[in-house]
Amino acid sequence: MTNKPIARTPIPDINDLPEDIRSRVLTVQEKSGFIPNVFLMLAHRPAEFRAFMAYHDTLMDKAEGVTKAEREMIVVAVSSLNQCQYCVVAHGAILRIRAKNTLIADQIAANWRKADITDKQKAMLDFAIKVTLRANEVNDADHEALRQAGFDDEAIWDIAAIAAFFGMSNRLANVTNLRPNAEFYAMGRG
Amino acid sequence: MTNKPIARTPIPDINDLPEDIRSRVLTVQEKSGFIPNVFLMLAHRPAEFRAFMAYHDTLMDKAEGVTKAEREMIVVAVSSLNQCQYCVVAHGAILRIRAKNTLIADQIAANWRKADITDKQKAMLDFAIKVTLRANEVNDADHEALRQAGFDDEAIWDIAAIAAFFGMSNRLANVTNLRPNAEFYAMGRG
Amino acid sequence: MTNKPIARTPIPDINDLPEDIRSRVLTVQEKSGFIPNVFLMLAHRPAEFRAFMAYHDTLMDKAEGVTKAEREMIVVAVSSLNQCQYCVVAHGAILRIRAKNTLIADQIAANWRKADITDKQKAMLDFAIKVTLRANEVNDADHEALRQAGFDDEAIWDIAAIAAFFGMSNRLANVTNLRPNAEFYAMGRG
Amino acid sequence: MTNKPIARTPIPDINDLPEDIRSRVLTVQEKSGFIPNVFLMLAHRPAEFRAFMAYHDTLMDKAEGVTKAEREMIVVAVSSLNQCQYCVVAHGAILRIRAKNTLIADQIAANWRKADITDKQKAMLDFAIKVTLRANEVNDADHEALRQAGFDDEAIWDIAAIAAFFGMSNRLANVTNLRPNAEFYAMGRG
Amino acid sequence: MTNKPIARTPIPDINDLPEDIRSRVLTVQEKSGFIPNVFLMLAHRPAEFRAFMAYHDTLMDKAEGVTKAEREMIVVAVSSLNQCQYCVVAHGAILRIRAKNTLIADQIAANWRKADITDKQKAMLDFAIKVTLRANEVNDADHEALRQAGFDDEAIWDIAAIAAFFGMSNRLANVTNLRPNAEFYAMGRG
Amino acid sequence: MTNKPIARTPIPDINDLPEDIRSRVLTVQEKSGFIPNVFLMLAHRPAEFRAFMAYHDTLMDKAEGVTKAEREMIVVAVSSLNQCQYCVVAHGAILRIRAKNTLIADQIAANWRKADITDKQKAMLDFAIKVTLRANEVNDADHEALRQAGFDDEAIWDIAAIAAFFGMSNRLANVTNLRPNAEFYAMGRG
């Protein structure tokens, strides 16, 4: 299985990468023990790599209004609906770790409506899914429902932006046939 | 989490079950170490329990034309499309065990088109998904494609019947809010 | 037209059938004056024949909570949506007879929302259609709506189970190209 | 059942109708033995009545390239897809009569792909359904397929125009809750 | 660009047209400065031309209950959803002129929910879109919502009839590949 | 109309913006004569502003393999399908200017299949739309079709990335109710 190509796109040699990208890749490798394939796929296009990672980090590396685990819940729900194998598997692993819950990722991937999450989190995922499928129909009532559920306007922006960003990411991974690293499947299963 | 209800339907006491059903439940418990919740949910209706299990067993407990692991691939692909949490989680576990492959179930659940399976198996899943979504449009060309892929008419019946049977099962589990046993999530992950 | 094949699958000779199946087939022939083709199609697989009929009978041969005519309404509405020619034609006939109403089956097949049925029956069909199309979204509010309409939990199970069972049956008939017997079209038209 | 309203719109008294409309209504009554409800519904708007009937007649009262029975096949297939109860029931009756075939209308209404019609007629209905569902995607290949099947450009126009016209008619009947006359159900059943 | 065919159908010479049609065509040419291509396309079929124009005029040339500009809003919203290039471009021009508003047509074509229109007009377009997409599901609540918004029953008929008529028109234009006249694009842009 | 809010999100004062963002905003204002509202909306979140613009620029400010006008064609086609009013109107203007064609944007927005573009450009838009609607189904045959049409692998990446990026942008604009500047509507109309 290790011979399966990472993606249908050219995978650069790490040593040939621009220094900032090489450094980021090595940091993640040190932290995770392996290099998630999305880094190698995107590194073929350094400017896109930088913009993607900057966007990703500003949306995912904060916890105000929406916890880091909840942000990953959005990623898993959206990616499952978009049938993005890479994102479901990779972010499922991150979600298990961030939520310290071995079941939650598989529950959300299969049907978030039946997952062991709070009503507030269900309102969050309902909205993220509407942004994914019918953003053109989002209206005042949707915003009001989220406020009723306890999210402020900045949190609502975050939920929508994460759903939108991973909608992009899902499309890129699907088109490039990005393969999840084998390590992700077992991570966080306790 | 252990206090979460198994389903929204009444769950009978095992000791009150008709003898044949009680015996079947105890056998599966002995074999698996736990009682899969679908047995307890269906046992509320003994006649349906018997018909369901008889149908299930005749479709799933044979290996001619379509291997037992391949039969479980169909279940996972169909159940994922139908967003049946119970079936994805439970049959994902069985698939991992039957295929002796720790990755395959999550790959198929996320996007069977990208799974590490053979072209023949992809033709099988393409057909199972068409039966699930657009059986009304199944035609001679679909049957011919399967024959070209190497399936004979009996195997084609099996593929269609498994997709149809689990389409029913997915609906029952979704309507009754059937909860996957926690044990399934980690099974077969090596 | 009588030379048209019953189905694309092999049709067994009645005399070669296992005794229990042969007996069931002859009984229905005696009662109806002809053998509904679904019996001949399924008889190719005796174990599936038995499980299918057992499941069918336990769901359709009772009248508690949901009348026998209402059960057939569900079958016709679901089968029409699934574009199952065999089931619409055959169960349309049975519905006309059970409801003693020559118009009802065609009304429901065309658009159940406009049929001459009670509001309670419309709530029943709305739910059956949701189970057919979006069982993954069935929730507490759906169950509550049915209870408000006058159905208890056992009746709700019946409605869902009939919709799910005939969703399976529709797929089998569509895949096997099962042909409705000519007799069904005129039955119960008074 | 005779007390059920014909439609949710005001139904004019025949004697108050403009002479040309009254005359048309009486002619159809004489010919059929009853007044099809669509005449009474549309007569509330005389100018629309006249335009609708003129359009209808020019499309349906000719037989060149597409027979009159085939034109009714299009109406039944399109109306069934649009779930227009009035049109399925009324034009089902007309189709049975024009095709001198007691089964054909119910077969087409349930699933035209399985009806006892020629390959040429299936190509015709495939196109009519594409015009109904995805006219925006109709392209040269669709026209070429129809020519291969034996239709010339004038016949193709007819097929598309009939599908488009009854798409309008279906919407009007659905919005006004137009009720099929009871007489239609049994007509042409032999 | 001027050599691009008007449509895939035969375009008659104006001088060969029946007198009433020639006269209508010349009148519109005199008024607009050019002949909208839909006139030339339909003129190939004089009887259909007459019925189409009679239907069109009775629905669009009145202002009671629904203003002329609002009628064009319906046309633009429906035609955009149906991806009818001719109708969006041609009726977008008419809408800009009738509403004396240079932005409104593009706003409605892109997403009517975000257009600078009144809540009453949004209710009108919501209904027109439901008639377009799901007329089979139109019910009492839809009619009541329109009455609450300020439309009487005659206005509701108009909205539905315009949506239905242009649904037909959109299909005809898409199937015949009808090309919008270049003049329409800039009309009414101030 | 000038009092209509730019978006439902807080709009920062230009003078309060971080210097790099203020500078970018003033540059675009100088170049266009006005500040496109998307800059003001995103400026509320400086880190997202920077990532968005960096991503945008690297995808849109090059012409290799896919011309700048063609890149805007993708934006207009995708945004129209996603019913993003801001993006259709703003990028329609840019497309008119880059293609030096007053008709092209409205043609593509209404139905790209009927636009005055080359077959190669239609293959490009077909793919962009598949990425938008069904990226999960993108396969080798899609890539091969693009190569046959004359695009190399880097151009294919660009097409997919632009479709994916504007899918995100469309969702953000729809959720925030972003209003197109009035200036865009008339730009490039000659």
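The chains carry the letters A, B, C, D, E and F, assigned in the order they are written, with residues numbered from 1 in each.
Throughout what follows, a contact is a pair of C-beta atoms (placed from the backbone, for glycine too) under 8 Å apart; a residue touches a chain by one contact, two chains touch by 3 or more.
Here the structure is a predicted model, which is why all the values come from computation and not from measurement.
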| item | value |
| --- | --- |
| Touch-network distance, chain B to chain D, counted in steps | 1 |
| Centroid comparison with chain E (C-alpha atoms), farthest chain | B |
| Centroid spacing, where centroids are CA-atom means, of chain B and chain E in whole angstrom | 51 |
| Centre-to-centre distance between chain C and chain B (centres being mean Cα positions), rounded to whole Å | 23 |
| Chain A-chain E separation of Cα centroids, rounded to whole Å | 44 |
| Averaged-CA centre spacing for the pair chain B and chain A, given as whole angstrom | 28 |
| Residues of chain B whose C-beta touches two or more other chains | 83-84, 111, 136, 174 |
| All pairs of touching chains, each written as two labels joined by a dash | A-B, A-C, A-E, A-F, B-C, B-D, B-F, C-D, C-E, D-E, D-F, E-F |
| Contact set on chain E toward chain D in their complex | 8-10, 45, 47-48, 50-52, 54-55, 58-59, 82-84, 131-132, 135-136, 138, 143, 153, 157, 160-161, 163-165, 167-172, 174-176 |
| Complex interface listing, chain C residues touching chain E | 111, 113 |
| In the complex with chain D, residue positions of chain B that touch it | 136-137, 139 |
| Chain E to chain F touching residues, read off their complex | 1, 4, 79-80, 83-85, 88-89, 92, 102-103, 106-107, 109-111, 114-116, 174, 177, 179-180, 182, 185-186, 189-190 |
